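Both complexes shown next keep subunit A, but they swap its partner, so subunit B is in the first and subunit C is in the second.
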Partner chain A sequence: MNIRASLTRRTFGRVITVTAGVAVSALALSALPATAATEPGVSATEIVLGMQLPQTGAASPGYNKVDDAMRAYFDYVNSKGGVYGRKIRLEVKDDNYKAGLTVSTASALINKEKIFAFIGSVGTQTHVSVIADINRRKIPDLFVNSGYTGFYTNPKKYPTTFGGLGTYVTEAKILGKYMKETFLTEKIGIIYQTDDFGRNTVAGLKSAGYTFEARKTAATFVAGTQAGGLDAQMTQLKDNGVEVVVVGAVASAFAAAVASANKIGYKPKKWVVISVGADATTFQTILLDKGIPLATSAFLLTGTITSSHAPAPGDATDEFVTAFKKINKDFNNGPETTWDNNVLQGMNIAYQMTSVLVGVGKNGVTRKNVISYMEKNAAKITSAAFSPLGYSATTHEAFTGFWVGAYDASTVLKPVGATRQMWTTDSGTGPVTELKWTRPAIGADSLPKGFSAK
Partner chain B sequence: MKISLIRKSLVLLGASALIATGTIVAIPAASAAPTCAVASGVTTCLGKLTAGGDYVIKVPANFGGTVFFWNHGFRNSYTIPGVTAAPTTVQEITPANDTTLKDITAIMLKKGFGVASYDGVSKGLHGWNNTDRIEMLKELIDITGEQFTSMKKKVVYGSSQAGSFLPAFAEKYPSYADAVGIMAGLEPAKTTFASLCDTMFILSVFADPNIKGCSALGVSDARGGQTVAVGEIQKVGALLTTWSQNLGAPSIAYPASIAPYGIPQRSALLMMGLLTGIPTKSAHMDGITPSSKILEQSINSTVAVLENAAVSIVTGVLAGQAISQLTGPGFYDNTKTDYASLLTDAELGRYNLGLSGDDGINLMLATLAAAPRIKGDPEAMARFAALDKTNYSSTKPFVLMANEADRLVFPGNQALFVEKARAAYDARVEKYDAALAAAVTSAQKKAVRATKPVWNVVSLYAVTPDTYTKYTAAGLPDFTAAPAPSGVGHQTFTVPQMTEWVRLLANAATSGKVAPQSSTPYFAKHAAGLSDDPDYMPNELKFK
Partner chain C sequence: MFKGKSIALNSLLKTVLFLLVIFFLGKIFDPYNQGQLSVVLILFIGVLSITMLTGSSGQISLGQGALMAVGGYAMALLILNAGIVLWLAVLLSIIASAIAGFLLGIAAARLSGPYLAGTTLVIALAIPSLANRYDSILAGDVGLIVDFGTPPTWVTNLLGELGYEQWQLYFVLPFAGLALFFALNIFASRMGRSWRALRDHEIASSLMGIKSSRTRILVFVVSSAFAGLSGALYGLRGIVGPSVYPVSLSLTLLTAAILGGIRSIAGAFIGSVLVVFLPDWIESATSRFEVSTQISDYLPAVVSGVLLIATVVANPAGVVGGFSHKKRH
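And then the complex of A and B:
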């Protein structure tokens, strides 16, 4: 429509009246945050965020602490007056790790809770059921707790989704480099779940130069069947002389694999596990449910190799760990608040989210702005990780760097060398190189730089 | 055809099914004036359309001037003993729940609406009479107008198959429709029937090579065609009956290339459902609640596919045969179908376990890719593609309502209608903008502005509760338990849902505009089970 052409002499007087009215309205609106009246989940006093995770059920151990940790950090932010005066409210729905419930709880978060954005949702198989719908609705889908590359490496497909972990491919490539340099003569095998997670692991290891032979050095299972034990898979690897077992699977499968190996008297020299599967709390909780005491499971975990983008939760010298531990102690009202990697991850996601909200500015809290900000300002989104965020217009992968560690007898992950060494790569075929990057210091009062309550 | 009758058909078909030897009714040469009588304040007129079908018109004493003209869905031409009786007269006067058989005639009359309906029989046959039914509907409206001269507004509405001709009716006879209602409506047939034929094909690959499916259809003689169709249904019925007993636990035994891998037959069943779009929720299966007998999350959805397929295949094959009488044999061709591309990321991720993991998925897709395909007849395919054409040019108000897990006409049909109507609307807006920009004088601009397009479609979905599956003490699905109260089945809406739909149609007929989609939460408050999500989107159809 050509507006200029419509300003005829006959209608001019009416146009002036209307224009004056619009100007008055604009003045009135300018006194309020621009977003308050229009953006779902955002008012002058509050920002509502939504999260889905298994709070209950077989997949919940460990993960069910992430939401309470996030809320604790947001409550801490709120105790400081909120971001530009807006308190952050986290609405959480338990999907029991059942995709059908992920669909219905997403709908409830969108339509009943009127959330501004999804944040920190847990699970690949569950999130894949809603990711297309969330993106269709143009709702930000931030810091997803899944390392599946398919969610992030093609932003044209999922423009609103951003990772909360490094990808499984990146991690497998870095672990693969470590293995190449460490296990010079040992026979390497793998057990992986035949889905996105497992596929990513195999792809990453292939990039590092490892291929496996089906039904010999490669044992597989369908995710969800591990509760019945993985005896056959472990027997297969044992019979084929595998000395180092890579695990591309969730923690319950790693626990099942270790339990089965223990049962059949199979003692690989090393377990190398993608970090999602190697969470100590989850591992020990699952084995405890199987009647294996904590002392035994700690022994079984000792020496297991995995990687991390963040400080070890037991690293008392780390300023983020120190700050988050205190906030966890003072603000976490969840049923299980023991400090561990899950709590650290939850805190860190909330810290990053706060950083984003600070970054978009008081009047910039729109869905569109948040997505644009994350693509263009990844370096400004501070976090506890020792790796920068990889967000850009061409990829929404989160952490591109990892350090490799081994669990000690007290289930603390320690660097494999004398000091922590960071490695970086991409989810494609790029090389693994040493990461030279200095993590920005934590902001004053444990808040992201630039934080203001006004 | 009453789907409620068909629901119990599988067992019967597994035993024996005979085609009744009924006689074709004589077609009256022309319609006669209706016979009217008044009882309890309602004037009821009965008569016969030119094509031979009965009609009914009911007008209450408090008639407000709006008459609703009901268009039923697919009806079979011949009785199948124990399964379905071919209708001989009007079966529904107003929308009726296909399971409970509750309609809303009394409610509509009480509100002062006139109601009318007809039996869509033509040349002694039901089936795919869409072209004729457009004329039958017009004739019924003409008769009603002559009989009830106070008629001011006309609502044309219907279910299922009616969805494939009501838009064309509104385009051809715009003055005969002040509002259009489509319930569980079918987009032009080709999308749904392509998937239905795929269903049979996939079953033939993985379970029973004797199934010919849609390649068997196309017998020009209606009665002979039905015999062939029932034969195909019997094969599928035997298969599904077996699966309903063993839940598809045995390994796939056929073809030889896949047999050694020990993939359970239920993975093939689930694969068939996902590739064809059969809903993964059903009357008794919520797609979520796990069984204590089979410890895998997809089993609920797999059984849902089984429960839905039992009905959709029976009705679909009979309807497919009716369509093939118009197209001739060979309307189905899958030589170019890339089955792997029909699986979405969400399906691959969510149902990975039920599909036996990546290895199982890859094996089944490779088997499908290697299976000999069905080559269609180009002329029949062209006739098939040309069926039930509409150009979405009607600017009349459309109120649509579908079930989230419709087992027969998948809800993606409704989404597809909205998508196509939106594209047509966008084109009209573009044309309007160009015309307005080209207008010079104020008179010209005023004339153009008077033609400003209006988005006149509202799309409602009935949804299920989160969970409702019950299992027996043995851990097996309890099909005797109460079904989901909403969102499942075909043309199985609750009385409040149907009443709300009618209310919206009446308002639209009066104002010429539908209530905005953003009012969906308000509608949902009136009728439990309607989604309150204005942006709700069901699974897309596999073909468009």
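And then the complex of A and C:
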């Protein structure tokens, strides 16, 4: 086909017409005007919340269940009449774990969906790209699913952002203490993703007394690129005689690391994994996709050390687990509803959010009130966690305590000692000490205390 | 349009008209669509780099995203490390990416077809590794945090209070105008004609005195300058990092160029509109139905893929080419 060179000049004039057409189309598709309510995303009958996470892409396995779990709990709350009569609607956008897309999805949630607040957004490097804008607009940015300290330890910088996990530094310090006491002679190595998640893990372990050799010999990788396997990194660790491998990375990376180690015949004595990367169901699902049967993946996972602020999803005796499991069964309409740590975390965030909305009162649902309430009333925001929330005017870190566990042969996380022992520390250089705290019981009808539909 | 005028004046008049239309749209659009329109303009500049490189001179690049990254990182480093003001940093980033384009062009002058495509693709794939290898400077996987900031007083005095998206749009607009003006000039000038001659018949163009290697390098330099400008503006949306300039960004630019019309400036704009607004249109169209997220999440990629195949098979000249062809008959 011969396309004439003069095409450009002859047709450029028509671009104006096309531009005008685009303008009309885009306008037609733009969001409806906001309701008469003065607070964005809040009306007499509804509260609109927004979330962004990788629903697709290499980093999505496991985490793509969190939003459906949150929505399931909110649907349950709505089935009880909503919070003071207001139904909760969760709008979700897929950012594919690409920061360039996160900027667009955040804009869509703010300007198109007119959300009241962000809740439970997943990802460290993706959230970095939007946190300044969200805070500039004074939009509550609640229960972020990232343990990166930089988001929470300076509320003057990010006054509207609150954590949804313990920080990676806190967790790594507690795991580091356990390692120091347990692995007295073993050679320790680390694989971590090259963002602040990974670096926080390294920093926490450094506080616990572990320093690793020069970075160029560390087994690093870029988050989201683990789909092709981590053979090179595992070979590196194997060649260096590493006996205990610490993983500061997402679940798909831990699974890829184990699969690669299995492939090259590398059998470290122990894997120690930061909790967000250690979900058993996600691990087994990813390995199954790689052709590794469930029985084999269960065997590979057995003995893996991780920590948690919440009950193990396999703990059938826990009242929150029992309640959330039932809600998940009855209300979760997601494509993948298998009960696991991600579903538990999603449910727990929704439970906490409901608790906050109950706490600010029927006429108090404003952005300013929500932020103020969270800073001043952390003890009143109940949840399934065995740790209190650390929210205050000086820090927006979430859970400050963890217990250390190991997976048994049936892929249930069990405490490493005879009983579950909670440990607590800060994100700085403070010591790791035992945590004495009693979790408040779940509210009546699996709803936060004080819940009212009227 | 604007017949009888000199090339420069003709280009200037078209650019001014373009700027006025976009400025007007910025006034009437809601914040979300203002933001989307600014992304259209940013990608438009990037797609122009492909229009020149592939559409005009026949060289295939699958790594324009990497050149965008060069512009983005240069801009961010100039702002964060050297304290240079935003406007100047963006302009200087054009020079940085032009230099990168020169180096790439030297290699590209010896390559063609799939070899060139493969080489440029490798460069796009290398960006995350480079960012992590030089972590202390490029901030690894997290990236460098920069943004459009707030409008200066003289702008608010002139235009009134601006929302963030509107400021973003009006910041990008002059650069888009600049890119359009230069592109129009190049396409209509002797330089553009020599590029097209090289594309259509290398031997014949050599006989006419066009030095193919030198011309190929020049095209790469100019194209890279456009890509760098686009990348700098794209990074200003919040962050400059590997996940902002993935390989898929290069493919998005190529998709936009093909859908709109790879040999046309108007096509570059229309293609940019399509890739930016297509997900919104699909969401709007499917919102009336109960569509599973397993389908809706992938629908924009599937639709653009189908459109791409349909364009290549049925209408290789893209939207602009089809429109022009229809009018001629």
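Throughout what follows, the second predicted complex is superposed on the first by the 412 of 454 C-alpha atoms of A that agree within 3 Å, B and C clash if a C-alpha of one lies under 4 Å from a C-alpha of the other, contacts with A are read in each partner's own complex, and residues count from 1 in each chain.
By our rule, a residue touches a chain if its C-beta (ideal position, glycine included) is under 8 Å from a C-beta of that chain, and two chains touch if they have at least 3 such contacts.
This is a predicted model, so every value here is computed, not measured.
Looking at the superposition, the partner that touches the larger set of subunit A residues, subunit B or subunit C, turns out to be C. In the overlay built on the shared chain, the residue A:194 is in contact with subunit B and with subunit C. Applying the stated contact rule after C-alpha superposition, one finds that A:335 touches subunit C and leaves subunit B untouched.
When both complexes are overlaid on chain A, the residue A:133 reaches subunit B and subunit C alike.
In the overlay built on the shared chain, the residue A:125 is in contact with subunit B and with subunit C. Shared-chain residue A:94: touches subunit C; no touch with subunit B. In the superposition on chain A, contact is made by A:56 with subunit C only, not with subunit B. In the superposition on chain A, no contact is made by A:400 with either subunit B or subunit C. Look at A:104: by the touch rule set out above, it reaches both subunit B and subunit C. Using the contact criterion defined above for the overlaid structures, shared-chain residue A:446 touches neither subunit B nor subunit C, since it reaches no partner.
Within subunit A, the residues touching subunit B in one complex and subunit C in the other are 1, 5, 8, 10, 98-100, 104, 107, 110-111, 124-126, 128-130, 132-133, 136-137, 193-196, 220, 222-225. Listing the residues of subunit B that touch subunit A in their complex gives 281, 286-288, 290, 295-297, 300-301, 344-346, 348-350, 352-353, 356-360, 433, 436-437, 442, 445, 466, 521, 532-533, 535-537. Interface residues of subunit A, counted against subunit C in their complex, comprise 1, 3, 5, 7-16, 18-20, 22-23, 25-27, 29-31, 55-56, 92, 94, 97-100, 102-104, 107-108, 110-112, 124-126, 128-130, 132-133, 136-137, 193-196, 215, 220, 222-225, 334-335. Residues 1, 14, 17-18, 21-22, 25, 28-33, 35-37, 39, 128-129, 132, 135, 140-143, 145, 147, 164-165, 184, 187-188, 193, 196, 234, 237-239, 241-246, 248-249, 261, 263-266, 269-270, 273, 277, 280-281, 284, 292-294, 297-298, 316-317, 320-321, 323-324 of subunit C are the ones touching subunit A in the complex. Partner subunit B is touched in their complex by these residues of subunit A: 1-2, 5-6, 8, 10, 98-101, 104, 107, 110-111, 124-126, 128-133, 136-137, 150, 193-196, 198-199, 220-225, 227-228.
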